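Here it is, the structure in full.
We just call them A, B and C in the order they show up, numbering each chain from 1.
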Amino acid sequence: MLNKNTIFLVLLLFVPVSLAGHFLHWDATIVFITAGLAIIPLAAYMGTATEEIAVVVGPNLGGLLNATFGNATELILAFIALKEGLVNVVKATITGSIISNLLLVMGFAMLLGGLRYKEQEFQPTAARLNASSMNLAVIAILLPTAVEYTSAGIGEATLQHLSVAVAIVLILVYILTLIFSMKTHAYLYDVGVADLEIESDSTEAESSHKPNLWLWIGILLVITLTVAVESELLVESLEEATSALGLTALFTGVIVLPIIGNAAEHATAVTVAMKNKMDLSVSVAVGSSLQIALFVAPVLVITGWLIGQPMDLDFNPFELVAVTVAVLIANSISSDGKSNWLEGGLLLATYAVLGLAFYFHPIVEGLG
Amino acid sequence: MLNKNTIFLVLLLFVPVSLAGHFLHWDATIVFITAGLAIIPLAAYMGTATEEIAVVVGPNLGGLLNATFGNATELILAFIALKEGLVNVVKATITGSIISNLLLVMGFAMLLGGLRYKEQEFQPTAARLNASSMNLAVIAILLPTAVEYTSAGIGEATLQHLSVAVAIVLILVYILTLIFSMKTHAYLYDVGVADLEIESDSTEAESSHKPNLWLWIGILLVITLTVAVESELLVESLEEATSALGLTALFTGVIVLPIIGNAAEHATAVTVAMKNKMDLSVSVAVGSSLQIALFVAPVLVITGWLIGQPMDLDFNPFELVAVTVAVLIANSISSDGKSNWLEGGLLLATYAVLGLAFYFHPIVEGLG
Amino acid sequence: MLNKNTIFLVLLLFVPVSLAGHFLHWDATIVFITAGLAIIPLAAYMGTATEEIAVVVGPNLGGLLNATFGNATELILAFIALKEGLVNVVKATITGSIISNLLLVMGFAMLLGGLRYKEQEFQPTAARLNASSMNLAVIAILLPTAVEYTSAGIGEATLQHLSVAVAIVLILVYILTLIFSMKTHAYLYDVGVADLEIESDSTEAESSHKPNLWLWIGILLVITLTVAVESELLVESLEEATSALGLTALFTGVIVLPIIGNAAEHATAVTVAMKNKMDLSVSVAVGSSLQIALFVAPVLVITGWLIGQPMDLDFNPFELVAVTVAVLIANSISSDGKSNWLEGGLLLATYAVLGLAFYFHPIVEGLG
């Protein structure tokens, strides 16, 4: 049967192909596509390795590791793009990851799960709390844009100060949500975590119950290095490839890159939804968005500021509209703790119209 | 007693009056008002005829007929205005119909129903799903405006392409909602439909249980033709009449025309609310908004494109604000499945302040 | 123990200090700070006196008194600022009071209450209805800004007409909510009021069950006069003090003044939350916001219009963003009728990022 593991093994072949493309100076479009495909299985394996290490080091440190490395692929990809000065691409990737997790990943999970089960249920308390955290995060990330847009003009230095201050608040909130979900109110999230452990046990036949810590740390390092290498290929070929494909930097950042970066979450969320574990499916999709907004985005702002590639939180106003829209419709659909195939369809339709709008948006800014 | 049927019979007298006004070249204001009043009973009779035919042809085809012809009056009126090139009036009628159904119709239903019953209840699952569909529809319809407003300027051709693409997505979503509500999850909507059948039986004493199909098709054709004729009178007198009355094209399209077009839904929603059938009342109001957004608006965009009267989805930004506001407050009031007179009052107050804002809005665009 | 009453008695010492500062021509910053501190206990005593009178005159007139004088401090402060022509400061105080009640007061109440109790509950029906009223009020107050912002420009006279018309609708809605909560649906609000009476009995040991009406009316008059006097000092020192402290008029109006004006509500909401009376705590915070939006703001618009200091409802667009954001996140957190410490933290974090944004906002307008 053509299952997830087989697909990942095949996709792994693109690692040497993309490297060959780079050294033999093939067309940038080919390097871009093969590097993109190569990153998908690496992101999935990185997740597996992190979970194995988490099992050994215990629930507290393990939960922290999981939460921190959950979006390591997005983080590495964004770091390299930031280092190359592609600030607008990095910003577009942030909004795009939030949108694609909430609409595309959750949409497919609810649609495919809903075609098999008439009505699916998930824990509404955690869903509501995630929704409220998401609201805050989106508000915080988009406020600097609103300040810029509603004033006669705010200086670059002021915008940078405001962005760093907002980033610090967001990281504090991220720490609070970790304390809440792992310490004081862990019972609210228990079901999901238990399911996740059973899930990884049953789908990964090779995993033992007492994995070898150093082996997995070694594997994680190798994978991380490969992701870095592949991300370099992706970023260096990005400009030439997208213009050859007729795509704007905005569309590439908002639509194309997040689909590559979130492929692993996507596979997990859909797989568990089809096993009627909607609690876990929704928490993967929303949790991943939350990590992007509360951890990845602020870390990038602070890093950019430290390495002298100032990355402020001043987005294209249409990104503000798109993220607001995505959060509102995801909240309205997930807040009752029930889902069906039409709700999945509505999320996907929202993603489709946003995708169309980004495709046709006559962006004036460049990549950096 | 002065009941609904008596009022409709009296209003029917305005059909010959408006025709006389047209041929005797009376003042445009008189033709406009009489044609407007004449359309009200015609819209109601059109609904009755469609329901009678629906009973004969069976639930599936009947439900489709009902869903498609439910807003036939709005559609005919908009077609004729579009043919005459009054594109801005047509667009304003779309937003106005959504606003007036959600705020004015639902507001009066909750207020008058709530004055008789302390607390009224309706099925929250269908209400929530309708709210989510409405959110999507409004987002989709307003995205082109947001693209236009957040960019340095988007070409007319691009805007037209985007609008047609969005229209196609909306019609697909409309088909999905029909499949959901009539096939896979029909049980969620059963109560409302059963009530509607009992309702039409009890209020329409003349209806037999096995209506004559061809008779009703004939009646429907005659009514449709009369509506067309009256719509022509309304549209041709519109420009002169509104400027004589000191109204802007925006106010006429958003406030005046939807009150005429939705009078039938209005009467039904209020009547059944006063019989404590809030399920049906809410579904008439929200369902009518949904049909406008998911069916009437995209059909008009595609038709306009085919007949060479390009109608894009680029609205006045204040219409965007008004529709967003109407949907948010209607969601916030209907999402708990309960209503009382104050909630009706809040919807009407929202309609009042939006009406004031449209009245004072210094619009610069013309009718077309 | 350093309880609320002791703190208030100490703060009362700032009444003579601020007067001395004024007459001895001390630095404006000192007068501003001491007058601000002096107002805090006066606002609390004003509330106590109003409640005592309310007990004597009976539930109906008493409820009305409570509702009308509940925000008397804000009203007096705003009147004096309006008389001095500081229109922009008054407008900023209105949005700031709404934001600080919903985010700061409710946030601290939920955080501190939630640190003591794992999960706290409050009546969701009243919370939802308050949320819907708040939505309407915010929509109404911000519509003139939206009209101004989405049009080529609206004349000052038109804006004034629209603002007064909106103000009249809001006062009508305020009267409707009073009828609803005190007459037709009083039972929905019973718990909160009963708690409030027990609360004031237990914290105010000196209050007898049959207070002397004329004594309390006398006390209320004295306190009101003192508040007026102190408000004069605050307003006259405001311009010089804020520029000496490096604060913009916008920041002072949105952040500093509402903290002074709402200190009493703040103390009450937090105290009762720590006694697990979340119903009362939430209703104090949201109720106070509602009174600002439905009563204080429209009264100021109408008064300004009558005394020839035209105060329209045209806000800085960023205030529109901030209030919308505050209402959305407060709704999303309070709509399920449950709270915990993280939800309090999220409200406070939202307040923090809004505060940062207002601090960095490069405002161009002046005080008046």
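Things worth noting here:
Just so it is clear, contacts are C-beta pairs under 8 Å (C-beta built on N, C-alpha and C of every residue); 3 or more make two chains touch, one makes a residue touch a chain.
Which chain is which protein? Per UniProt: A, B, C = Ca(2+)/H(+) antiporter.
This one's a predicted model, so the numbers in the text were calculated from it and none came from an experiment.
The two copies, chain A (Ca(2+)/H(+) antiporter) and chain B (Ca(2+)/H(+) antiporter), are related by a rotation of 120°, based on C-alpha atoms and rounded to the nearest 5.
Two copies of one sequence, chain B (Ca(2+)/H(+) antiporter) and chain C (Ca(2+)/H(+) antiporter), touch each other mainly through non-matching residues, since under half of the numbers at the interface are common to both. With each centre defined as the average position of its C-alpha atoms, the distance from chain B (Ca(2+)/H(+) antiporter) to chain C (Ca(2+)/H(+) antiporter) rounds to 41 Å. Of all residues in chain B (Ca(2+)/H(+) antiporter), none touches two or more other chains.
On the chain B (Ca(2+)/H(+) antiporter) side of its complex with chain A (Ca(2+)/H(+) antiporter), the touching residues are 124-125, 128-129, 131-133, 135-136, 139-140, 143-144, 146-147, 150-155, 158-159, 161-162, 165-166, 169, 172-173, 176-177, 180, 184-185, 331.
Partner chain A (Ca(2+)/H(+) antiporter) is touched in their complex by these residues of chain C (Ca(2+)/H(+) antiporter): 118, 316-318, 321, 325, 328-329, 332-333, 336, 338, 340-343, 345-346, 349-350, 352-354, 356-357, 360-364.
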